[in-house]
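Encoded as structure tokens, the structure appears first; notes follow it.
Letters A, B and C name the chains as they come in the text, with residue numbers starting at 1 for each one.
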Amino acid sequence: MLSAERLVGGYGGADILKGVSVRLDPGEIVVIVGPNGAGKSTVMKAVFGLVTLREGTVTFDGAEISGLPTEQRVRRGLAYVPQERNVFVTLSVHENLEMGGFVRKTIPQAVFDRIYALFPVLAEKRKQPAGELSGGQRQMLAVGRALMVEPKVLLLDEPTAGLSPRAMDEIFACIKAINAQGVGILMVEQNARQALGLAHRGYVLATGENRYTDTGAALLANREVAESFLGGGH
Amino acid sequence: MEIGGLLLYLMALVTMGGIYAVMALGLNLNWGMTGLFNVGIAGFFAVGAYTSALLTTPPMLARSGADVGGLGLPIPLGWIVAPLLAAAVAWVVGRICLRLRSDYLAIATIGIAEILRLVALNEQKLTGGPFGIKSIPRPFETMDRPWGEIALMALVALLVFATYLFMERARNSPWGRVMRAIRDNETAAGAMGKDVEAFRLQAFVIGSAFMGLGGALTAHYLKVLTPEASEPLYATFLVWVMLIVGGSGNNKGAVLGAVLIWLLWTASELVTGALPTEWGVRIAYVKMFLVGLLLVVVLQVFPQGLLPERPPKLAGEAAPR
Amino acid sequence: MIEFINNYVIPGLVLGSIYALGAIGVSMIYSILRFAHFAHGDLMTLGAYIAFAVVVAFGWPPVAAMPLALVGTVAASLAIDRYAYKPFRKSRPIVVVIASFGVALMIRAAIMLIWGVQPEPYVEGINPPLESFEPFRIQEKHIVIVVVTVVLVTALHLLLTRTKIGKAMRAMSDDADLARVTGIGTERVIAWTWVVGAVLAAAAGILTGIDTLLKPYMGWDLLLPIFAAAILGGLGRPYGAILGGLVLGVIQELSSYPLLSDEPFISPGYKIGIAFAILVVMLIWRPQGLLRGRVL
């Protein structure tokens, strides 16, 4: 479905990615974890075309997309939710969703309905400026906006960063629900244990390289991984 | 044109080109070295020009319709006070605007320049209004032709050389290194514990002082001063073109650009002189158009200019990548 | 009181309408393309002179010449963006600002080359106050200026709130990076920003010409008040720019009220200084503007 092979690159200075590979099969949830500076977010950005790659290829749906502008990637069914500043604060909730579907000629009402059904709180606040939403609600709106193109794969960069434990649980539940509708999910998470518990497969990155690759459950069970990367063995 | 005339023409060219070189060096300190977007050169030019003219012009000769006479003081005094007053104005502007993004500095410096032009135009009692100040003394004007011209040219050349040496020393000093650090990465420079705002203010004030000096030199060289002299096209944008074409960040480039652009600018006057008056007027607009075109094109085609910036190598500093 | 309204409030609102139209463009270009567009005043002049050419060629009144002039100015602004600004999209914004000064000189030089420097009226003749508004002295041109402004501002409001491209313009001015990753066609949004900016600028230029005279420096002289109005209202806030324009226009006219003596409080020669003073005050006191826009 989506595969990134041996990516090397960064933001113009020193390379942050030093040969990372990541794969996502149809319908999977794949989680990328690792310490700060491992290049987790950079992998996501590279897949979405926001990073200059010196080497490596990204293929999606059987075609190489490495050189495509982001707009084209969105058209092909890839959607990305940045970690922060991920809603248009002066636009209303509903307008934010409309912008999510910008690449579509017309947006069927059913798409809005499905997203409002997934996030009922957004339906209540559809006319409010997104800047007035709480952290968790903003995250929902950001995810909802990405869903407007009915993507095949959703890229989530730390969707629970800075949220309360309750809001975190809500977001994880939503991610599961979205995946149940057949959308592949590639995400980076600080909150590694909870995310791996949800994931079909996981990647542990360190210093821009792959360190461990396994199913979510196996990574959680791996003592080395737990000690070095998941914050002790508790 | 006979030889004597040609020589006088060449000397005029070098003299005025040299005055522009002083201003281009000042702008290079602002923009080339520190990244401060000063588009108010005309304003600092005007402060310098009017200050020196008012201080040195003999009381009776000064202006038509003006109440206050010139003070008739010695010329060197004018040339010292003019840059100091320009620096004072720059200090006030800089204190308010330098901490904000560069676009704001652009708006503020343009605003100051416009207001100073209005002052020159409206305060007739002081500045002579649209008629300006006449009979400003020119150094060495009592000497016989061409010795007076030669002496003045030599003096301007000396000033350019002194300014150049001053700017080179500044560039190679630790102070200059901090400036470049601020220009290239303000946040990092701030994190290094440098008081970014104070350094920027120093660069802005000193650069503007040289623009004021340029104004004073121009007033004395041309002997008349009207508000038109501080028209942004001549006083601001021509200097910008000179610096960008010569190579911003490079002091030699600033001097080269000033002389070269001034050569082209005046050479076209030889052509227009031969044309009917109506065409002569139009050529002025064509030149204005070309200044604009150069600003747009040079930055696209060769943004580094004729003499690109070379960071000075200092003992103990790692070689650039 | 009536004299006060006639002498200060009405001219202030008329001037403010013109400022508002220019300021909206500057404000939107700043927030979407991220640079201060210093050729905006000269874009206004260009619009005014294209209308002049149409008036001279066909003998139409200036308002009828407006649509053609707007189209011409939009075409010019798109060409300018393509050749002068687009090559710098990935450079530091300040480099584009330098280019915009170059463009300003080029437009002005071209205007002087084609039309000369003599101030020209659109239509010769005097413009008496309309009798139906007695005792207020309102001339036909005042009505034209205010009506055109209201129509354009309403059209802009509908564009920004009802159309997909208008919402995308607001989105991009909110956060250009997010707009890009959302799949919004940013070059299309930029093109529409020039359409809006140029239409409003050309209209402001034509209205200035109707109010006074056409001069090659008319737009350059308006640049400072326009920026002051945009900053006063908050950059990136079109409604703020309207507010800023009107406030500035009225303050500028009021400044010549003989407050302390028989002399004007501030000599009319320094009216433009008011704009600058407001700019500086906003800079110190509230750089985000009245409606919380961006800080430069």
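The rule is short, and it goes like this: contacts are C-beta pairs under 8 Å (C-beta built on N, C-alpha and C of every residue); 3 or more make two chains touch, one makes a residue touch a chain.
Quick caveat: nothing in here was measured; it's all calculated off a predicted structure.
Peer 1: So how do the chains connect up here, line, ring, star, complete, or something else (other)?
Peer 2: It is a line, because the chains touch in a row without closing up.
Peer 1: Comparing chain centres built from Cα atoms against the global Cα centre, which chain wins on proximity?
Peer 2: The most central chain, going by mean C-alpha position, is C.
Peer 1: Between B-C and A-C, name the chain pair that shares the greater number of C-beta pairs in contact.
Peer 2: B-C
Peer 1: List the centre-to-centre spacing of chain A and chain B in whole Å, with centres computed as mean CA coordinates.
Peer 2: The mean C-alpha positions of chain A and chain B differ by 54 Å.
Peer 1: How many angstrom lie between the CA centroids of chain B and chain C, rounded to a whole number?
Peer 2: Spacing between the chain centres: roughly 31 Å.
Peer 1: Taking each chain's centre as the mean position of its Cα atoms, how many Å separate chain A from chain C?
Peer 2: 43
Peer 1: Where on chain B does chain C make contact in their complex?
Peer 2: On the chain B side, the touching residues are 35, 37, 39, 96-97, 100-104, 106-108, 110-112, 114-115, 118, 121-122, 233, 237, 240, 244, 282, 285-286, 288-289, 291-296, 299-300, 303.
Peer 1: Sort out for me which residues of chain A touch chain C in the complex.
Peer 2: Residues 48, 50, 70-71, 74-75, 79-80, 82, 85-91, 95, 98-100, 102-103, 145, 149.
Peer 1: Which residues of chain C touch chain A in the complex?
Peer 2: It is residues 164, 167-168, 170-171, 174-175, 177-185 of chain C that touch chain A.
Peer 1: Quick one: which bits of chain C touch chain B in the complex? Just the residue numbers, please.
Peer 2: 30, 35-36, 38, 83-84, 87-88, 93-95, 97-99, 101-110, 112-113, 223-224, 227, 231, 267, 269-270, 272-273, 275-276, 279-280, 283-284, 287, 295-296
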